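Per-chain numbering from 1; labels A, B, C and D assigned in written order.
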Amino acid sequence: METAALISKLNKAVPGAVLQKARFGRGGKHAIWIEARSIAAVAEALSSDPELRLDWLENLSVAQLDEALLLTYFVRSRQTEVVAVLRATLALKSEDELVDAPSVRTVWPMAVPFEREASELFGIRFGKGKRETGILPKGWRGFPLRKSYVFPQEFFQIAHSRPSPVGTSDGGSRDA
Amino acid sequence: MLETLRTDLTSWEIGPYHGALPGPMRMKLRIDGEIIISTDLETGFLHRGLEKAFELHPWPATVAYADHLDPEAAFFGELALCLAVEEISGLDCPPRAQAIRVLLSELSRISAHLGYIVKVGRAVGAETLIHYVLRDREKILDLFELLSGARYSLNFLRFGGVAADVTEGFIERVLEVAELLRARLKEYNDLFTFNHSFLLRTAGVGVITRELALQSGLTGPNARAAGLAFDARKAHPYIGFDKLDFEVPVGRGEAGRLGDAHDRFLVRLRELSQSLEILKDVAETVPEGEFSRMRIDRDFEVPNGESYARVESSRGLLGCHVVSDGGRFPARVQFRVPTSANLTLLPEIVRGLAIEDLPVVIASLDLCLAEADR
Amino acid sequence: MRGSVFSAIREYLQDVYRRFQSIWGSLITAVPYLWGVGEQRKEVTEQYPDPVSSRTADDLPARSRGLLVNDIDRCTGCKECEKICPVQCIRVDTEAGADQSKLWVARFDIDYSKCVFCGLCVEVCHPQSLVHSKKFEGSVYELKDLVASFGRGFVTAEQRAKWAAMRQQAENDEVFP
Amino acid sequence: MSALPPENSWIAFLANSSDLAAALPTWLLAALGLVFIYGAIILPSGAIMSYLDRKLSADFQARVGPNRAGPAGMLQPLADLLKLLQKEASSAEWNWREALWLGVHTMALYSTVAVIPLSSSALLVNTDMSAFLPLWAALVLALGTMLLGFSQGSVPGWFGGVRVAAQALAGAFPALIAVICAGIHAGEFRWSTLAGAQTASPLTWTALCDPFQFIAFVVFVLGGLVMLAVPPMDAALSTQDIHGGVSSHLFGRRLSLFRLGRFYGFFLWSVIAVVIFLGAWTLPFGLAELLREQGRLWLVLALEVGWLLAKTFVLMLLVISFARVSPRGRVDQVTDFSWKVLSPFALLALIGTALWSGWGYLP
């Protein structure tokens, strides 16, 4: 299905949700930029539409660009071979403040592990729930995948790095 | 009478380190007698901050990190990353390099599936089979070493090709090993696949229904065993898989029910033989030419942009979403790993099973904690 | 007959038969291994480390990635390897040498406790001085013994002054021949 | 020991061998004899079998197996024993329950040394029901093992204990019936009678003399595997499924005692199977009579023990090779196999044997 047709369908189902059509990668692929608040409604519309039946959230990727988190939903259908990319941005307020985003796990149950991971590593609160844990140790502070994150020197008095016999390099690494 | 007999629930924690587990994770079981009532999974013990590490290293060094996504089939991580980066920067891969990539991809798949047979064999206590399979997997690891110099972490792919041309005699040895493995597969089947005790342990155990597979976004051989014929090699052909003729085996529920542990085992065996076919086809027709478009360069820059590459790894759909801000370092590299779906449905399918089925089900799911935790 | 006692008994007997048959089938697959019949059924164990039956370092494939070795005479001290190393296990310190053309590589340390043997450093090495040897036995008792040093050592202050003078001399010679 | 040993018993044998022995009381001789049997026959058999087991498995699995300790690795069992003996306990706390039930387990096992038949002249207990004595010992052993599992204070130990008990009960039933089959054939359950019913020719061995006896023999061996949790019927003690079950927390010396006990149970069972079904110790070519006429009683004793042990080892190796290629069963499948497959066939064998043996007496 063409992106344009998809957008017109969405405009009908959830008015005002679609912000714009954006290019995604090379080769004429497109992403649909949607309003962050209406992600859940869009998801509902896409999965319940009889023609589309986008019932499979293949991937949820989060990336930080400057002061915004970029949520990319790779959605597809098991029945109709339709593939779509949805995109929304969340503005970051401060370094260690949680950001809110609607959860899509009621529509796409497979979103649970993706949302859990993004929630923990980027500090996003999906739905009304709290920030989930599972990857980081209990009591870990900060959101490691944000650009502003500084790796702590120690955690509960356990030093994270041993003094290297060859010293630290000043070469290729960005964090040096 | 027996059905109404209820005993107090017992808690049992397995892990984080235990031989029956696929890697470090903790299972908190609630068991009624010996029936599993509920399972809580705690993962993250193997979180190495891999995705963060990508952002801190220059582009050429990231391939070495992609190796460590899934140590048992390191090649697929590399391949996904390279495909994504090549798409952004518009590099195309020479035909010879593509053929080498297909060879490596299928060899990795075979080696990972042989490793899977070992896991299942160990879970049901079939010692002899384990040794036979490990012996044969060694042949493939030797091939890897011959080609790239390493047995697991190949680090052989480069953006726009492969690191080096094939060594002399490699193609012949691939064909030899393929021939050998075909004979071995028959031996495994005679020894094990339809052994009565093995059927008893796996048939009808740990059934993944079609609905459950759909709900959890399951991919790979596990989903195919449940009847979902999705294969990224067919749905989104890459490195020339569209030109190859191969089948995607789907579970048939021969021994027990569709989507049980035995189906998962059989589907992988069938995939193995399909991969052998592909190996044979490709190895006989490796085109001549260059093996890489560019030499490795520390200052290699990827233009501003993003892409998403899909690869069918031995465990399922491996996606790689790469965002570049046009510099020497990636802005974001995200992997969509197949194991996280497997992990979410593990508590579902072990509910109501006896605790002795737990190792078998875990082994038959082919979990990889390194990949799930990253 | 379906569902009758007889068919139940027949099924039962078939099941018992299959059970013993599969054991028998497995046995006849494995028994030839007892005598190592045929080339494909020989023992594959390789003795290591005492005695080393095969797979000595020389038997490894040409591309095998063992411990790194740097030929310091060819090394130009360009630090490419240090910069590309994904785990920052190489440390190179250089100084200006006796003449303009070459740097004095005072320190070239590789920390094998960090090295992942990815081979990138070898690939970027233009003078091809850094190579993977086939040596793979690297276990030591102390962590610090895992550092391999290939550098020429730091120079003394007077040596440095002398070289500076030599360079100056060479420069002067060039300008006023 | 109310019944006095018969003339050809090894006690009389010992007593007659020297003046010093004749001066000692019978009970002391008997005790010394038991220690001798344990030290000179059972422990070496354990070492030999564990070596053969590992070599055979290795041969099956295309590897070399033990090859470091001694020539061709033959001293490996000894090295293992020495290693296990010097291991420290996993916890400093003395678990007296574990020690107690390990003690019961061990006593139950080694009490059978007194009843183990090794040759025509090495029979300490040879009553008209002596063939059942090892079975009772095996049930006491199961009780001891079960409580040993409970005493571990852990979930796997508890599961292991319950499974051991379930398997012992399931295996004992068909095995007992199989013994009765052999008894019907021989006419009595005395060791000497059971052995005496068979001659050196394999065709007269109880297992091969009629088809029902062969079924009984197979049932006896498989029932023993289930009863004593020998691989591949070792669901009760499997490392993968329930973390080693009973032995999950055993360590060092206690573990070596437990392991040796497991081996001994298997060994004992195979000895009995050979005595009851596979021609016992009867030497071929009438060697025994020949040598007895010449008065070489010691040689007869040694040859008979050797012949019996040789047959036992072959039987054990067969069972091991069968275990090496079969996946392990789940505990309910093992007990199901015992109750639903072995037991009906045991009953079939019992009826068949009874008819076969009683044919001539029928009117």
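The criterion applied here is as follows: contacts are C-beta pairs under 8 Å (C-beta built on N, C-alpha and C of every residue); 3 or more make two chains touch, one makes a residue touch a chain.
Remember, predicted model here, so these are calculated numbers, not experimental data.
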Subunit D reached from subunit A - shortest hop count over touching chains: 2
Chain pair, C-D or B-C, that carries the greater number of C-beta contacts: B-C
Rounded Å distance, subunit C centre to subunit D centre (Cα mean): 52
Whole-Å separation of chain centres (CA-atom averages), subunit A against subunit B: 24
Centroid distance [mean C-alpha coordinates] between subunit C and subunit A, Å: 38
Overlap residues in subunit B, where contacts from two or more other chains coincide: 57-58, 61, 128, 135, 191-192, 195, 197, 298
Touching two or more other chains - residues of subunit A: 172-173
Residue numbers of subunit D (touch at least two other chains): 60-63, 324-326
Residues of subunit D that touch subunit C when the two form their complex: 56, 58-64, 67, 321-322, 324-326, 337, 341
Residues of subunit B touching subunit C in the complex: 57-58, 60-65, 67-68, 128, 135, 138, 145-150, 153, 155, 163-164, 167, 180, 183, 187, 190-192, 194-197, 296, 298
Subunit B-facing residues of subunit D, complex: 57, 60-63, 155, 159, 231-232, 235, 238-243, 324-333
Residue ranges of subunit C touching subunit D (in the complex, touch as defined): 16, 19, 23, 26-27, 29-31, 33-34, 36, 41-45, 47
Touch list for subunit C against partner subunit B, complex: 18-19, 21-23, 25-26, 29-30, 40, 44, 60-65, 80, 83-86, 116-120, 123-124, 132
